[in-house]
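One chain, chain A, links the two complexes that follow: it is found with chain B in the first and with chain C in the second.
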Partner chain A sequence: MAGIRSSNSLAKRVLSALILTVIVIWSFGPIAIAIVSSFKNQRDIFTYVPTVVFEPTLGNYATLLDEWSTFWRAMGVSTITTLGSAALVVLVSLPAAYAYSRMARPAFAISALFLIAVRMFPPIIITIPLFPIFTGIGLTDTPLGLIFVYASFMVSISVLLLKVFIDGVPREVDEAAMLDGASRLKTFVHIMLPQIAPGIAASIIFVTLFAWNDFLFSFLLAGTKAKTAPVMIAEMMGAVGEGAATWGTIFAASVVQLAPILLFVWLIQKPLLRGFQSGGSGK
Partner chain B sequence: MAAIDIEKVVKTYGAFTALRGVSLTIDDGAFVALVGPSGCGKTTLLRSICGLEDIISGEIRIDGKEVTDQPPKDRDIAMVFQSYALYPHMSVSDNMSFSMRLAHAAKELITEKVGYASGILGLGDYLERLPRQLSGGQRQRVAMGRAIVRNPKAFLFDEPLSNLDAKLRVQMRKEIKQLHQRLGVTSVFVTHDQIEAMTLADRVVVMNAGNIEQAGSPLDLYDHPANTFVAGFIGSPAMNMLEGNVVRGDGAPRFVLPDGGTLPLPVGADLADGAGVIFGVRPEHVHAAATDDGARATVNVVEPTGFETFLYSTLGDTEVCIRSTDRLAFRPDDEIGFVPDPEHVHLFDPETGRRLN
Partner chain C sequence: MRSNDRWTLVLLAPVFLLLTAIIFLPEIWAGWISFTNYRLGDPSRFIGFANFEYFLTDPRFWNALRVNVIFVIAVVTIQMVVGLAIALFLAQMKSPLRFLWIAMVLAPMAVSPAVSSVIWRYLFDANIGPLNYFLEQMGFERMQWLTGVTTAMISVIIVEVWLAIPHVVLFVYPARITFPQDLYEAAEVDGATAWQKFRYITFPLLRPAFLLALVFRVIITIRAFGVVWLLTKGGPGRSTELLAIYMFKEGFENWRFGSAAAIAWAMLIITILISSYMIYRMYQNAFVKQRKDA
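On to the complex of A and B.
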């Protein structure tokens, strides 16, 4: 009996290990290739079968530093647009979500529907008519223009997300604070904000991922002076054919582009999860 | 501490009228209970007092000062909610001191006040805990502590005991009463439980459909209900109410049931011959007779509780209850005589429900 059971559970464990291995290779394979290749010499990158043992080099990063100031500039633009749009989205969607949750009116319900509808258009349909408008008001090819685009694209989802979190805070808790002598603003700051912090963090993550990884809007609306890192990396790939860039440099650039976002998600996930577990009502 | 004056307050929600011109005076230091069935307007009235509801018309004065248009934060009133409404991200001590911190009170004063309140409520060992780490009874105490610390003009309680189990409810009821005796702060307590209202308050206000039916001391309401609603609402089991007519023969006027049974009317009841009347008598003021006395009733259920016995019977087509400290020997289907004590009979007008005697 014991023997059967243990062999049975062994088979199960082997199977689950196998499935996990496939998932890990599937998800982390490309990232691993990019990271490993960024430390390879040019001749090792495209050998088949890929070399596992090779002489690591920092040459690609050195080249990126020395010869690609345009890439670092694009990283700067990416950073500014990402932080800017995250800040703008939170700033705009917090009061909006509060109004949707606490001051419900029939008109609000209709406009909430509109919030969802806006998200259903393919982005390109919104982008093309934006081009002449942006040119007209001088926002084309500026980080500020991108911030507006990213923010307006993400505000709707952020409002709906934060509304759910604010709905989760019992109204009586607001009322208790008001009776304790707090104004609406103070109630919002001292009572509401700490309780919906996980929602704000989640909203920031969504905007950050979207803005940091966006290619389309940046390519169409800010292709020259306010180029972001993804567009720059694509441009570097184009330059390979002309012999102006190497694949090693491109891999190094993609690792540099990837690192901050990985670090950010890793840093924010713990407090976020803790918030989700402890959040909710005072009951 | 302050008196609260409520004058002709009207509140509507769309087509629904929650308060129909309610007027009430709550004396300084009084403990008033607002009691009534769901939707009677008691909670709306409470929320209007503290400013959480804007009233349509009427006037509310606290300590002689009109506050009708003031926001809640300026009324200096503390409220204990049914759900406690503690700040979940703050410790017990921070929950209690929130209002003082908002007012930028001195640290020493905050420590002193929180210490005082937690001492009264037995929360001294829990000051650093978060609400979710407390039991229901402890959370209830924190909610009261939050009110005590502020030393407000009045305490409002919105069904604060209904989330507690039966045993804890009785204990907290006693603690709230002791707290009021100790602090003497004007208190308004909303409940749908008439026992809670009777035991806690020195004045009970019975509400129904947005109106005040009657306000008075608990025993006044019990002994002299102003109408059939109050008579039926206050007291458990409820007052027996029988419909019938007055017959003035040669002797004293008598109450005649539709099936012909007759009961004596109280002395001094001045009623016209043939007038319709509702004859009310509390279960403890009826005697169950094994003889031919009184009106005939058939026993349905006998409930012995030890100290007293409840006898539920059918009289005509009405279910009546008799409450006796005698250990009654009746069994289901026995015929008994329903013999009310004429001194404790309440007579009401069947049209208006108003008290007649």
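On to the complex of A and C.
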């Protein structure tokens, strides 16, 4: 009996390890291939039989540095638009979330229906009217235009998220502070903000994932001067056919674009798994 | 009370100003131009329902709708089933390395459409791609992944599923780990099989989170654009031309903004219909339920 049991559990463990291997290869394999290939020279990438053992080279990154200043410019634009939209989202959604949680009569809550409905808007449909409008007022091809668009699509989730966090702070806490003579603003900054910091972090996370990785809006509304890294990478991809870019350089560019946001996702993995997203995540 | 309301308005104003300027007003204007022959730079004229008639009688629209329906059904079904399986597998792991494996599983959610198209274009490449190499090693024939009519559809479905699975895991996993362990222990004492435990304990408890994820993933998948555009541009032929790609081509390749706006409105109405239940639930959760509790 005991023998059967242990061989049974051994079989189970082997099966479990096998399943895990498949899951990990499926999820991370493609990313690992991109990272590894970015350290291969062109000859090793182009062999039909995949080269497992190869001499790693930083050549692709050197080429990216030397010949693709446009890519680094695009990385700069990506950074500005991402930080800008995160700041704008927090700035406008904090007061709204506070109002919904602490001040608004039920009549005002109806307006939140619009906020939630906006969450459901397919972003692409807004490009049709936005393109002529942005062209008319000179917002096309500027980081500012992108910041407005990214923020618009993320404020609704951010307001709802922050409201939940503010709801979690007991009213007695701010009432006590106000009785002591602190103003509403002071109470908010000194008492509330520290307590809802995780909510603010969560909002920033969603905006960052969305803005940093967006292709659609940057492609359509900011194709040249305010080109972001994803659009630049797509362009480099197109240049491969004409021989103007190599796979190695593109892999290097992809890793540069991916690495910060991947580390970011890994850093916030624990709170993500606690499940505060419930319908939130960016895409 | 009065002054309180005034402050409420002031605090809500920035959000609604932003949304009005960037989303609501442009979308209403799009509603107007869908009734005109608007082209960039040209004066436009009211033409009634001609744009709607145009796309509703355009075989390309019906093709795009068909492609979209197949795409949504395939992508959502596969990602939900596989995502659920992966989440449950990870939740029952006791290894201290669990968080490392979860990190691997979540990684695709950090990958942009642009970078994933780079990676998968390479993997799918007919000549140098690793996928064809492994197919050949296993005794199959090489495939023209992105250039064959059926295979292109399969390829874009694979990539979309790859990007989506972490999101499903993030819905299911947090719900699963809150289930009381003693339920499972009791079931084991009663001699329940693994399937029975899933069927009678896990799934019923998981249903709310699973349904929420399902609706959400349908809404997100209907609007798919970036990855498919980057991988196939809707081709070969029109075999992967989703609604969003069809609309995009109407607007930004044929420069027919009037009919593109009409298609955009059609997409908006479809999405709002499908998501109305979701909107209602999220509203209830955030505003009504908690008022009752108080």
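Observations
By definition in this document, the second predicted complex is superposed on the first by the 256 of 283 C-alpha atoms of A that agree within 3 Å, B and C clash if a C-alpha of one lies under 4 Å from a C-alpha of the other, contacts with A are read in each partner's own complex, and residues count from 1 in each chain.
Just so it is clear, a contact is a pair of C-beta atoms (placed from the backbone, for glycine too) under 8 Å apart; a residue touches a chain by one contact, two chains touch by 3 or more.
No experiment lies behind these values; they were computed from the predicted model shown.
By the touch criterion defined above, A:195 reaches chain B but does not reach chain C. Legend: residue contacts after superposition of the two complexes on their common chain; A:12 is shown touching neither chain B nor chain C. Touch criterion not met for A:225: it reaches neither chain B nor chain C.
Of the two partner chains placed by superposition, only chain C is touched by A:265; chain B is not.
Once the two complexes are overlaid on the shared chain, A:28 sits against chain C while remaining clear of chain B.
By the touch criterion defined above, A:43 reaches neither chain B nor chain C. Greater residue coverage of chain A by touch, when chain B is weighed against chain C, goes to C.
When the shared chain is aligned, chain B comes close enough to touch A:179, but chain C does not.
Residue contacts after overlaying the shared chain place A:233 against chain C, while chain B stays out of touching range.
Put simply, chain A uses residues 278, 281, 283 to touch chain B in one complex and chain C in the other.
Of all the residues in chain C, the ones that touch chain A in their complex are 4-5, 7-8, 10-12, 14-16, 18-19, 21-24, 26-27, 29-30, 33, 40, 86, 89, 93, 99, 101-123, 127-128, 130, 133, 162-163, 165-167, 170-171, 173-175, 177, 212, 216, 219-220, 222-223, 225-226, 230, 244, 247-248, 251-252, 257, 260-261, 264-265, 267-268, 271-272, 275, 278-279, 282-283, 286-288, 290-291.
By the touch rule above, chain A contacts chain B in their complex via residues 170, 172-173, 175-183, 186, 190-191, 194-195, 278, 280-283. Residue ranges of chain B in contact with chain A, taken from their complex: 50, 52, 71-73, 75, 77-79, 81-89, 98-99, 102-103, 131-132, 139, 146, 150.
Residues 19-20, 23-24, 26-28, 30-31, 33-34, 37, 45-50, 88, 91-93, 95-96, 98-100, 103-106, 108-109, 111-133, 135, 148-149, 151-153, 155-156, 159-160, 163-164, 167, 209, 212-216, 220, 229-231, 233-234, 237, 247, 250-251, 254, 257-258, 261-262, 264-266, 269-270, 272-275, 277-279, 281, 283 of chain A are the ones touching chain C in the complex.
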